[in-house]
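Here subunit A shows up in two complexes: once beside subunit B, once beside subunit C.
What follows is the complex of A and B.
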């Protein structure tokens, strides 16, 4: 039997897709649904011995003070960290973009990007030692400059901001690169025309750079907020490693949703409750991303 | 030089010092003997390699380093092959259900990894995959991001090139392997680097799926080792340097390609 050419090609296509489709179904899509299912029953390694408990775990969330603290902290991280990343990232990108010397631009670009490629565990440990209140080099430097020394990770008042600082330090370079791509896409003529019209630096920024940068800005806000394992809503690695002896401390002041989920699952072995927490995290991320997308992308006429 | 330019350089240089300082501090401290680690000076007075010797002989850093390389390399090869195969199929073939399959794969991008960790762990413990390389590997063997990324590039490959290959008698797979793949070399290079880095740096899943020391990856081993090392900052910084400097050196060599790869993937992805 001779198959039609289009049929033969379709068969090839299905053959190519067979293994990947199984993978995406079994390792991505089924586990997504499974986490909803796990959140409705008690945990047992053997699936047959799991007991259905309905929405018990979701109800329990309403009265879990530590979880509320984790939610609050995560919100603070995002409110502090995302604007810091965007503002500092955009500033650095604009300074870089303005440099005349291509060698200098390339060198600084690489230096600012370097922390992004290094393991978060290793750099978090380095920072946690450097920020040690009595023995750390950062306080030694502050002291020698005549500035007040700080408790950094050791005080509930400063720990969250310190963690945010380390995360901003690590992921800043990525934002700088995104903004550089955006800035390079703005035609020079716009600025030249504005200069002829006598627009000053601020109004050039306000009326040319900012509006034309909007798509990149939306992208970088979404990435900074909720991209996999680097978004502020999913903070885990830095928080755990910066304060390894008291994860989430002092006094729970740096605890995040993911870290709490990890503790519930792997210190207390309450996988059902942990799954319920991830479901809520998923919904929160979804709502915030959709909100950012529609709200920030709204067309505004200048 | 204009004054504005000088000010830019000064601000950027000040920031650059903050970006670089932790790496310098980490490396220099890793060469200090124990009694010097709390000294004020940055430079070791009597530099030594003893710390590296200790972490390799008294602890399993060598093994963890190797585990990390193995997991990152296998994952990268698998991701490159399967993601580009799917990207190619979705870009260059017409068949019923194509859009549904594409949307299905794309939709998995919206699910945070943190949500999949517990079901993965449930599966891994049910089938005895904890503490195995397979357990470390299976969640990352393909990525929706790579499918999307390669599909974008394959879309720019002209169909005429493929038809020419068909006339020359290449099979459909031969067409993918010999004609299409070489055409998207720079996309593959970017995807390879991003995948390797992501796996080299991965922490949450390896932390969960490994309980025996011999199966730790470098980040997991480093974290748990450092947690017990207390004030032996010389050893902690040696371990951290071992995790940081290989990637930093690769980055310095390929920085242009890496940054451009990240930029194009970021804007497309």
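What follows is the complex of A and C.
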């Protein structure tokens, strides 16, 4: 039997795709299903002693004030952090894109990217030292200039915004690189033609840069919102380490869903409840990502 | 020649190994230099006495330790004997991470008699789940050099004197800003214990009911105690939380000579002794008025047996033997010397040499009146008390109201635990 060339190609393609697919199923999908299973019973080292509790843990979530606070905070983080990352990231990328000197461009790129490759724990430690209310360098400077000092991480009013600021500072470089790649993919002719037609800077940005950058923008937004290492919906490491002696504090004002889940799991060994929280977080992230993907991802061609 | 000897020795070793059944057990604890060294030393002695048992010693960074245990034990690997903070026991026991100590090796009546009363916290129902080598209490640490400079002769004995002394030490440099503070205020350090087990009791309320099922501090005395504590910051201005930057804030600030006094545990002895560039002193915690009630917070790390040890008779036997050894009088004598934690057996505590040790004496004196809070969710209950303080300090909430919220939150935790 002889297969058509196109069929043979397709078989090969699927054969190669099978490996990552299997990996994905085993490493991503299976644990997700497993955590759903975990969330239906109490946790015990001995599987025979795990008691089936049905949806009890999901019901408990309805009355868990700290969890609600964590959900609210996580939402604020995303609403505050994602636009900040995108707007500042794009602005910086456009400034760098406009730099003619290749050395300067490389240098600035490296400077912006450096925090991204620095471990989040180290970044958090350094910032928590600098932002310390009494003897931290930032307040020392404010104080010596006669300006009012700030509580930063030590007040429930400012802590969440401060954490967001640190995270934006850290992940900005990654967004800048994404945008730079996107900007470099836009053909110069469009801008030249627009300039001849008398379009000003804003029009060029509004009608050329922004629409053609759309695929990158969508990717950026999704990564900034939901990615497991840098997404605001899964924020954890920085929150834990910026206020190490009161993780999620003060007064729970910086607590995130993932940090709360971690506390439930490893401080209380309640893996059933922790798994239930994971399942809900997974669903939320899935819905938001699908939403972003469908509504933002319209292709534009000129 | 050397090679031949080595080969012979190896052969002999292999033969011996094959003829006597060797049991290998594993001990886990978190990274703490003096504890690692001491356990290594104890293992060496134990193996010499029990050639048929081998003990593997593994340690993990403090932050990663519960995670490692959480995942390794259900998978059937990990430790046979595991070190845990006493406040973690209820959660660990409920999830099956530790098993009751076998009665043939650990008779509950004998333990109750030989160990100090605080060790009751290692018991759930009628069973002991673990035993400690050392126990700790709190004391007031002070910078003797600063005291000398200011002409302060004695460490404060009452809280009133404590505030006076602290005010003398404190140096302000603008509204709410300090360059030096009298007391290292740290609600997230040891102070939440001080409020719970020292101030509440001294102001006239016990924090919990005798059976540990109910929160009993939500009353006038409790509110007065919390207000008294928060007044240290707001009214008497003897310090402020997070004064010194960094993770070890109040202790680092004390070491840096920027904090005149702090309340810290005996576990800080090694660090302070090795790093302080000044003379320091240690005193028992102050009381409300002369001759008034003394109180303290006691705590301990302990060693428990896991289901892995219980699954196999030889391992259980070996693990029990090892546990007996590291909680023996002999081990405790080594422990107090090397780690600085006080012996958990009454017989060793009576050693007159201990009472003569200037550094250990105040901690030792506190043991008879120290309470080990029965935590069902140590981290959660800590947050409750920390939040009670922060609501007053950061949001200006009335102490009585703040305490009421705390009592409600903590009661929920207790209820959740006792229901199951």
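One rule holds in what follows: the second predicted complex is superposed on the first by the 263 of 302 C-alpha atoms of A that agree within 3 Å, B and C clash if a C-alpha of one lies under 4 Å from a C-alpha of the other, contacts with A are read in each partner's own complex, and residues count from 1 in each chain.
The rule is short, and it goes like this: a residue touches a chain if its C-beta (ideal position, glycine included) is under 8 Å from a C-beta of that chain, and two chains touch if they have at least 3 such contacts.
Small disclaimer: the values here were computed from a predicted structure and weren't measured.
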| item | value |
| --- | --- |
| When subunit B and subunit C are modelled together on subunit A, clash or fit | clash |
| Partner chain in contact with A:57 - subunit B first, subunit C second, else both or neither | neither |
| Touching partner for A:266 - first (subunit B), second (subunit C), both, neither | both |
| A:49 touches, of subunit B and subunit C: first, second, both or neither? | second |
| Partner chain(s) touched by A:246 [first = subunit B, second = subunit C, both, neither] | second |
| Of subunit C and subunit B, partner touching more subunit A residues | B |
| Partner chain(s) touched by A:17 [first = subunit B, second = subunit C, both, neither] | first |
| Partner chain in contact with A:77 - subunit B first, subunit C second, else both or neither | neither |
| Which superposed partner A:236 touches (first subunit B, second subunit C, both, neither) | first |
| First (subunit B), second (subunit C), both or neither touched by A:149 | second |
| First (subunit B), second (subunit C), both or neither touched by A:174 | first |
| Contact residues of subunit A, present in both the subunit B and the subunit C interface | 45-46, 125, 129, 135, 244-245, 265-266, 271 |
| Subunit A-touching residues of subunit B, taken from the complex the two chains share | 4-5, 8-9, 11-12, 15-16, 18-20, 22-23, 25-26, 29, 38, 40, 42, 82, 85-86, 88-89, 93-96, 98, 101, 104-105, 108, 110-123, 125-126, 138-139, 141-142, 144, 147, 172-173, 176, 197, 200-204, 208, 218-220, 222-223, 226-227, 233, 236-237, 239-241, 243-244, 247-248, 251-252, 255-256, 258-259, 262-263, 266-267 |
| Residues of subunit C touching subunit A in the complex | 66-67, 70, 73-74, 91-92, 94-97, 174, 177-178, 188-189, 240-247, 249, 258, 307, 377-380, 383, 386-387, 390-391, 394-395, 420 |
| Contact set on subunit A toward subunit B in their complex | 6, 9-10, 12-14, 16-17, 19-21, 23-24, 27-32, 34-35, 38, 45-47, 92, 95-96, 98-100, 104, 106, 108-123, 125-127, 129-130, 135, 137, 140, 169, 172-174, 177-178, 180-181, 216, 219, 223, 226, 228-229, 234, 236-237, 240-241, 244-245, 258, 261-262, 265-266, 271, 274-275, 278-279, 281-282, 285-286, 289 |
| Touching residues on subunit A, where the partner in the complex is subunit C | 42-46, 49, 125, 128-129, 132-136, 143, 149, 154-156, 244-246, 249-252, 263, 265-271 |
